[in-house]
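We call the chains A, B, C, D and E, going by the order they appear; numbering starts again at 1 in every chain.
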């Protein structure tokens, strides 16, 4: 027990520890039982489940752990749940995919778990270094995962692209962080906040703000830092794409919220303006570019860009409602996005790559249930009630309206209307195109569970979102500082 | 339990949905079973809605059959249902049209029968929900739910250009409604700020007095949403396409009920929640409506496609409805509501009529027909009656609506009334031309020789519409009486700010104003 | 005076070598330039009394990473010069220009701002070190690292594990045919 | 001028940073691009160390240390990916990795 | 008398029975029986009601029956504050409506009877359909007559329009017939436009729509002499309605075309009853109109003009029904002239007499046409006297009556009008007199060309065969052999005779005072109708300006002379030396042409359209076919052009904008795709650009 450390410091990071242990054991299992390829899958699921259980012990806890590097609060908890859930679903949907691609699952799951670990630190870190290390853990795991299919050129290329641009943006991010450090002489967000508040807002703050913002912008794929996303999403193994588009994005948002809400509340005006532009660009470009895509994964990539735009609206608002909105949106986005990717993953058969829109055609005639599921996911992404997506959008726009960002809200809603155009195109392929593509679709138990979970989430939370709203509100509350409301209430 | 606390509205609301659910488990091959189930549930939906007619107390100004339970407390949204006379009528119209639509598709739909009926029933629930919801969020939910089934109805079972029309319909309506959502939120926060209560309760919004600026913006937002649905003049362009390419039942529902959503929205939300803004924008809305009336009629006159003609005619008629609405006089609003029913009945019937011949001949070209009254006399008679009701012949329903609307607008502005009235002449022109070209003359096209007259089922779809057309035409009192309280409710919100300006020598003007408050019933105030 | 001289010479060398790295024709050369660059950076660290970092810089960077690069460069025995094919769509020209512009902007902004008046704004938590630790950079660094930043340190170990596994997975010839 | 202020270090690191950026933007040999990224990281490190020196606070150096570790990790992974790519494509020319576009 | 609401209902029932069951199942006999019996009952009822009405003292002859609410009261502010807009289903029996009631039911009944044999050659369903329509017409006409509020009257008003549409287009396979029907309906609609606005203004002004209450209220309003106030505008609007319905200039174009319909229809609808609705309506609102002298003037002038113009056209028509049609128009002009000068009594009186003799003439012509196997050209007739004596005699009586030969009904009524016209202004009287002369002329031209002289028609093969083997206009039957002109069956002649009697004696209820007093017969009609034209106590109808007996006798004599003169001239031209007619035609060829072309009114309307065409040639080119059949009347052309222009607008502008937005999005989208070059360095560059942009922005913003 190193000096200045108590058991509490380790107690509070118990979930992370469990997760690490799980990851290592998965790795060991894979090493020991070389010939058995079916053990790591349950092991991974078990790890995630146990982690979740352990995590749930910390509901309502709000404290600092390990010398104020980690905040163990509702906010972190909420995000950790998001990560674990999405990891769980991702693993569920990977099993069959990996078989089809004929790659060993062990390392894959290990990397997934490590990425999750990094995310969890990103969610709860309140210190630049911790955040950075968490970020890198996640990023490196993803670099490997994206390039995981070595025989596939697309995968390799995606890997290189992701790696290069990721490293580049990390450099930018780091430079910004170094400036922040220079401004305050500390890596603790709270102290940075005090320091920035204490001094006249100089150019350096703005500079640091832009650089850090650009770094995060890359991770959440916000225009103009988004350009890696379509290529990487298209090239990466589909489950990985799913996990990047949900987990990595969520983690980046968590970090972003932490840094800007707790670290730079003093210059909120500046970064609100910054994100205002980012949000508008992201929504518009994402949606417009998606309209003419013919590859489902690419289309979903652009759509997920657009969705980051919507979430950014919540951050621009910066009010408690805004943060809550972002959380809620992320949570619902998890279900619909993962669901959509689950369907795409299903379409990967030995004879079909399955990521072109036309591969979806006639899906209805082959399996109505999947067609209905995909319909729900598309509508949810488009924000049509009674699906979860609508409730998310509702919160986002309400936050914008409340804070008086009418123009932003209008752009947002118009965009969400436009987005329906390409979501509906998918539906058209599934429901109206008659000819059926490729061989039979085998819906394994794991995949069925994945689709089931996501479908249930998208529908149930659309009809009765109350519990999530409560949780999200509680979680957002624990984030210490908010932008005051324009109107008094 | 007494009928007071019996959840009648929920029953009405979910009966079709249950039907859809059951259909989902029926084998998609057994078409007859599917049809029967669908028809039974549509009929059931109509039956359970009948008590609304008999049990509705038209003296009681409050909302009736109210059901209320928390839904999303954290944003103050509730599961809050209730009706007044206006919505009662629209609900009955909806359920009845549901039956007719389902029945009319018996032979028309041969492919993917199961999905078809499922979507039709889901659509039914969506529409009913919008009419019974007293919670703005709930309303919006149902309002958008409607889009999807309709999209599929057009997109899967439509004719040539269906995908284009379907997406056009979808996007148009969607753009409108999302902007409307912003308006809703603005009202929501305003109400929260003023009263400290966060709720979507429409009845509370009705008592909210917002600053004019805000009202103005919200009005625009609402206007976009509702005007596209109505559709009013510049936003009407989705309608002809949607109508033309939709299957018969789709067109019927679209014309009879879906378009009413827009006007319903105006009456239920725009007018009572935003009185000042409404009054301020009367002039341009009225102008748009009048343009719509004339324009729709003119374009209709130039159509070669039977269904398109009817579609444009309904643009014209809905313009009339909007005009009566924005007369902001009790007579005008009453008339506009009655005219909504009439439009539902008449235009619905006209689309059924097109459907009948389309099913037999598979063309909508007017020129392809002629002399039909020789081969299908009964059909011709029905068509004649509906034509007459469409051009507002007295003793038929259309007349009541038009006369009330015009009288209502007349006291506001003579000129508007005069111009709008020309719509009647034009209406006669294009409808009669249509009738002449299709029904009269010799049977030019040999294909038309062997057409069979209405079958019993087909006649059954028309019978209720005919009865209603005559009933409303001869004795509309029961309908009008049910409307008094709803109309008063709106007027009470409007009156305080609204002063009619007669163009002609206005003697005793002030006293007129004085009398409005006394004579202008305040019964609705109790809400 | 002296540190000024040191600074200017070092920075001149660092920048010059940096330019050389990105300008050199063959990758081998640039690797070598990179090594030198790192060494001078290490030297700069020494002037900023971060001796331990300097050591790490030399060992890890110059000793580890660069060697890795060298291996790869050798491994990748290029049949044709990678630079020969150039995609026309690439924005070759504007990039550097824009970079320079941004640099100017950074400098301009940096000129506004100096640590001196920023620092006292916040009273930093002054670390007190226990008796065992004498005032050497390495000892203090070790202390801070193993107390304050223990968790990141542990996490970094995971990170390195991931990197290792990943590198192995990717680099080894795949088992499956 | 002779007196070395933080600005000097900032400018130094900024310049190195931009040299790296230019490298990333201009070179077509991926390996050299990797190296440019290393330059960027070094720039950051210089900044951090200089600031730590000015502020007389160690966390800057700690940060720099972590960055070095991460740089090592990244380099390993990156080169791995590059090798995998090279095996399939027989090239390290960045302009030739355009299977996925539009 | 409380059962008057039954009077309209009865034919309504007939309609329902014939329409719902009859067309399918009834034999011709049953169908006819149903129709006639309902009308008969209606006639009986109205007679009894009328008798009861007569039983009442003069000033209490007003009976109103309300059977139900139609539109329940709805608050609506009017000039006078908050009124309530309500319309009951209420019927009024007062002298005016009573008289009209008798006319409608009486003549209606006769024509039903007439039709039973006239339409005998229709196939069974068509036969039933015809009576269904005919009954429907009576239902609406009676509603119109009895309706005690504007709106109820409007019900009938529009309804009769519908029926005339249906009946004109009864032979719907004839393009011309359906066109004519459509034209009639739409022209009427144009009139109704004015009428309905008038109604709204009435309510807005008086807060009620009940004729009686309106009259009461109006009586207290100042007479708008010279001024143009509310009442004037009301009257103007109402009059527009009347113009449309009663085929006055400029909306008279539809009536001649309406002759496409079966002859009984022309007789009933386009001579006796419907077309007089306008006059009836004006009389109903006598009080209103008397308060708007300006409008009265206009009415008088329009009436006079119509009378003259129509008469002149009538001079040269050679189609027997067309002649009668134009004479109808001209007679209606007379009536309006009368109302215009305030002689409502005279107008109503003439309305009644005209109903008799014009119905008579039409039925007669019908029987002629019947006999001539659907020949309507008088030039192809002649000498029919010996083949069909009854028809001849009756028609001759009718002609005398309409010509205004003393002793027959037409004389008295027309004389009344002329007299009061003279009071109004001598010029009007002059016009009236000239018209009278022309009327006499063309009527007898008709008589002579048809019945006198030698037979000019087609020859026929003598032989056996049934009497009624010829039918009107029906393709499937017309090949039957035709056995030459012959007297019509009894079912047709009896109504003729009855009407002839009426045509003679109907006038004696209204012998002018100047003639009446000596022989102790008061002018019954005038006093009988009086209460309907004045409101309550305002008993000063048109006292003050009375003609001296001398003058009145003078006028009478003159008109009689004029009539005789006309007759003689006609006799000279068309019986003794027909050559003259042609010679005149040549010498006045210009005039003649103008007249034969009905003053080029239709052509004028078309011309307006042609102009429109030239302006928008392209639009028209694409659309020609639609226009050709879409034409409802001259102005219809312009409408169609406009409609097509707006159609094109809708298609290419409104819709175009929408699609433009769509395609723009698509293009932009492609643009974004092009940016995605797949080159990592471009992506990095984009990032740098982003950084640069924001950094610069912050730099300047500080």
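Criterion: a residue touches a chain if its C-beta (ideal position, glycine included) is under 8 Å from a C-beta of that chain, and two chains touch if they have at least 3 such contacts.
Treat the numbers as computed from the prediction; the structure is a model and nothing was measured.
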Neighbouring chains shared between chain C and chain E, ordered by label:
A, D
With centres defined as the mean of Cα atoms, the chain at greatest distance from chain C is chain E
Per-chain C-alpha mean nearest global C-alpha mean belongs to chain B
Going by average Cα coordinates, which chain is farthest removed from chain A?
E
Hey, which pair has more contacts between C-betas, D-E or A-E?
A-E
Cα centroid separation, chain C vs chain D, in Å, comes to 6
For chain A and chain D, let me know how many angstrom lie between their CA-based centres, rounded off.
26
For chain B and chain C, let me know how many angstrom lie between their CA-based centres, rounded off.
70
Per the C-alpha centroid definition, the whole-Å distance linking chain A and chain B comes out as 44
Would you please write down the residue numbers of chain E that are in contact with two or more other chains?
673, 676-682, 684-685, 688-689, 691, 695, 699
Residues within chain B bordering two or more other chains
none
Please list all residues of chain D that touch 2 or more other chains.
6, 10, 17, 20-21, 24-26, 30, 34, 51, 54-55, 57, 59, 62, 66, 70, 73-74, 77, 80-82, 84, 87, 94-95, 97-101
A full list of chain pairs that touch reads A-B, A-C, A-D, A-E, B-E, C-D, C-E, D-E
Residue numbers on chain C that touch chain A, as the complex places them
106, 108-110, 112-113, 115, 117-119, 121-122, 124-125, 130, 146-152, 155-156, 158-159, 161-163, 165-166, 169-170, 174-176
Given the complex with chain D, which residues does chain A contribute to the contact?
128-129, 132-133, 136, 140, 143-144, 147, 150-151, 153-154, 156-161, 163-164, 167-168, 170-171, 174-175, 177-179, 181-182, 185-187, 230-231, 234-235
Provide the residue numbers of chain E that touch chain B in the complex, in ascending order.
19, 23, 68-72, 74-82, 84-85, 125, 151, 154-155, 157-159, 162, 165, 169, 172-173, 175, 178-179, 182, 185-186, 189-190, 192-193, 196-197, 200-201, 203-205, 229-230, 233, 623, 626, 629-630, 632, 636, 639-640, 642-644, 646-647, 650, 654-655, 658
Show me the residue ranges of chain E that touch chain A in the complex, using the header's touch definition.
665-666, 668-670, 672-673, 675-676, 678, 680, 682-684, 686-687, 689-691, 694-695, 698-699, 702
Touching residues of chain A toward chain B in the complex: what are they?
379, 383-386, 390, 394, 397-398, 401-402, 406, 409-410, 413-414, 416-418, 420-421, 424, 428, 431-432, 464-466, 469-470, 473, 487-489
